[in-house]
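Going by the order they are written in, the chains are A, B, C and D; count residues from 1 in each one.
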Amino acid sequence: MREKLRVLVEDNTTRKGKLFDYLIQVLILFSLIAFSIETLPNISKETRAFLDFFEMFCVIVFSIEYLLRIYVAEKPLKYIFSFYGIIDLLAILPFYLNGTLDFRALRAFRVFRIFRALKLIRYNKALHRFHLAAKLVREEIILFLIVTGIFVFIASAGIYHFENEAQPEAFASIFHSAWWAVVTLTTVGYGDVYPITAGGKIFTFCILIIGVGIVTIPAGLVASSLSKAREIEEKENEDKLIK
Amino acid sequence: MREKLRVLVEDNTTRKGKLFDYLIQVLILFSLIAFSIETLPNISKETRAFLDFFEMFCVIVFSIEYLLRIYVAEKPLKYIFSFYGIIDLLAILPFYLNGTLDFRALRAFRVFRIFRALKLIRYNKALHRFHLAAKLVREEIILFLIVTGIFVFIASAGIYHFENEAQPEAFASIFHSAWWAVVTLTTVGYGDVYPITAGGKIFTFCILIIGVGIVTIPAGLVASSLSKAREIEEKENEDKLIK
Amino acid sequence: MREKLRVLVEDNTTRKGKLFDYLIQVLILFSLIAFSIETLPNISKETRAFLDFFEMFCVIVFSIEYLLRIYVAEKPLKYIFSFYGIIDLLAILPFYLNGTLDFRALRAFRVFRIFRALKLIRYNKALHRFHLAAKLVREEIILFLIVTGIFVFIASAGIYHFENEAQPEAFASIFHSAWWAVVTLTTVGYGDVYPITAGGKIFTFCILIIGVGIVTIPAGLVASSLSKAREIEEKENEDKLIK
Amino acid sequence: MREKLRVLVEDNTTRKGKLFDYLIQVLILFSLIAFSIETLPNISKETRAFLDFFEMFCVIVFSIEYLLRIYVAEKPLKYIFSFYGIIDLLAILPFYLNGTLDFRALRAFRVFRIFRALKLIRYNKALHRFHLAAKLVREEIILFLIVTGIFVFIASAGIYHFENEAQPEAFASIFHSAWWAVVTLTTVGYGDVYPITAGGKIFTFCILIIGVGIVTIPAGLVASSLSKAREIEEKENEDKLIK
């Protein structure tokens, strides 16, 4: 019995296991859509009632799934404290904690439901290659995060120096300037804050010419390491065929 | 006779076939320009009359071409229900449907004429390499579309949580916030909506540092896989030369 | 005598030839700076007089250089009608045409002086690798320009359909909408035009998810082909060493 | 004694050396945070007093470190005039110069403290690969900076020509237009200046289609050369293992 359940819940190579996984995935997707619809202003009483019912249904299914996963796991504690175990719990916990806390706290907890989205990743096998690529460029990405951090700091401190007097509200401190620095270096450029003094503009000019690439380099690194990961994978498959 | 027409219409290695293809391509281009000019406000009666005449001319030529393609095809039904067959039909259908439906519906149908642009691709041989590259990175691109989707959802839900109270109009629901999320993560940053609370700004800060790359990674993947596709092609050509 | 001048003007491997090249480059740079300063509003009479004098000096030097290049060239006509020959002429022509045309036409001609900037490239040897890389990805870049063109057209026609009624000024025609399409797809996003209807926003959502990469792919292609070009160059150098 | 100190200060392979390095790094980080907090408006007297005290503490520690580094260096003068020697001095100098200059000059000097951030890099070993990659693509990056410079100039001169009459304030000169050119070509697009004439828009259209990649190519070059640097490193490690 327990072995049968284990195949159903954990093994997605069998037909039943696949069906189970797809059903859970679809339910996660629908519960996320329901979660989004709930935030719409001016929804009718009937819709809200239906959403509340659907929410309860999801929580029941996810709870059963969670308990099943603990039951079939060889080391239940290892599952419970694994990354996905915690996410699975966080997806259902807010519902059960409603009663014990006051109504307003409920909303804050509900945000944790977005972690359900991560459950979608769980079932994706293509992630293997991504993990391989991430391992290949981990060091470079950490280095670039540090360089980006330093760069954001220099940009913030510099623009604060140039613009603080002219725009004391927008560039009130280095922390306020950091908002400008990130929005500029990522090239989002909302246009809510921008330098107006000649000095600030020339400084931004230099920062942009040097720095615009720094923020996009990690993306390029991931892209090129994914090509590398594919090559490694192909080589491994070839080696297997030879054997 | 039918064989001669088949060479003219389908075979673009002969001189006549090439000429036919180029003429059709030029006509598609001109019909698209005419379609664009039609949308200009305040165009004179004479211009509109000429455009209507040109439109009719195009439809007649494209109709003849469409019928010819069916006539010369070995399996007419296969062509009719192929991707290009449907596009070829959509390029002429709106004109014939004018009479049967009321005048206002016409405008909606006319939008389908933009599919003619895709006919331009049909004749481009360089696409082969692109198809090869697309096949190489299909899995990664699907994975990144999923990751992007999850990321957009987390960004939308998070910013809704932080900004809903301060800006109840711009961040009215998770769906409204998704507009902000996409405009921000693609680094377009129109500036019509942006966080104003400290919490929302810090959240955006984190989202941008982590997420700005995620949206640009697929582009990098396609670029690097195109290099790979060129290498494969070169190897194939070398192998042919050796034989 | 002519041989000596040829070495001075065309051969930048000798010490004198190098000096000549550097002096011309510096003069080009200064003439560009002078050209920029001339456009500044409220410059004093003395400055303008100096700039006019410097302009005359530059034109004289560039004229002598141009005549020298014709004199020392083995096939003078080939040089005159070459890309750089035409640019060299365009750099001095506006000055001589001043007298024959009225004063207002002068300003339009002056814009051609910016072509002098291209002369700076002429002397750069590192361009060889770039030319090699450009040849490697020429086909893909042409294909992507076509795809980008089609994409911009579809985006323009689509957003015109969705936004024309709501914003008849900003999206007055497909041509007006093309401005939005380019500013959005290149992720510049000034914020002067953006969709406001739900349909237009959802359309933009889709266009951005699919299309944001298309515009950046050529850059990735150039970057990866430059790596390839370096490898080819290294191999060639190794082959030479072996011989 | 001097040898013991040398191990502590310069050798970060021993346990004591590592601890020393981490402590210095943490102090640098905290002093940067303190520097940022100081810029906040409306901070209480107590906080300011604490920050002043902490600043003094940092300067004392950094001064001792600086003197130690001179003391243990084999060639003290070489260290003093090295890149890091100058940065180490700049991190403490503003504090000692306070007394000799008037109060307002103090603020300008304080900006140099941000160079302390660069000290954080000093201790990072992963930089080796980055240096290797930078050396690989140095020439290409210099070439692209030149091309970017020319492109920014052409864009500035062109848009000045088109927009100067319509927007005499925003596009007052080529220098003013250069602000627009950089903000546009880096795709930041604040939206404070943008073309409004048809000519200016068509010009921007062309500039964007051609130029948007040019600014992002260096980032792609660095990313691909980092992959190359990793390959070189792996090969070197393999060669060592074989020996």
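Here, contacts are C-beta pairs under 8 Å (C-beta built on N, C-alpha and C of every residue); 3 or more make two chains touch, one makes a residue touch a chain.
All values derive from a computational prediction rather than experimental measurement.
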Original post:
Moving only between chains that touch, what is the shortest number of steps from chain B to chain C?
Top reply: 1
Original post:
So chain A and chain B: same face meeting same face, with over half the numbers shared, or different?
Top reply: different
Original post:
So which chain is farthest from chain B, going by the mean of the CA atoms in each chain?
Top reply: D
**OP:** Fit chain A onto chain D over the CA trace and report the rotation angle, somewhere between 0 and 180 degrees, nearest 5.
**Re:** 90
**OP:** Starting from the mean Cα coordinates of chain C and chain D, work out the distance between those two points in Å.
**Re:** 29
**OP:** Indicate the whole-number Å distance between the mean C-alpha point of chain A and the mean C-alpha point of chain C.
**Re:** 41
**OP:** Spell out, as numbers or ranges, the residues of chain A touching 2 or more other chains.
**Re:** 187-191, 216, 219-220, 223-224
Subject >> Parts of chain A lying in touch with chain D, wherever the complex brings them together >> reply: 136-137, 139-140, 142-143, 146-147, 150, 153-154, 156-158, 160-161, 164, 168, 172-175, 184, 187-191, 194, 201, 204-205, 208-209, 212-214, 216-217, 219-221, 223-225, 228
**OP:** Please name which positions on chain B make contact with chain D in the complex.
**Re:** 187-191, 220, 223
Original post:
What does chain B use to touch chain C in their complex?
Top reply: 32, 35-36, 39-41, 107-108, 111, 114, 117-118, 120-121, 124, 126-127, 129-130, 145, 148, 178-179, 182-183, 186-192, 215-216, 218-220, 222-224, 226-227, 230
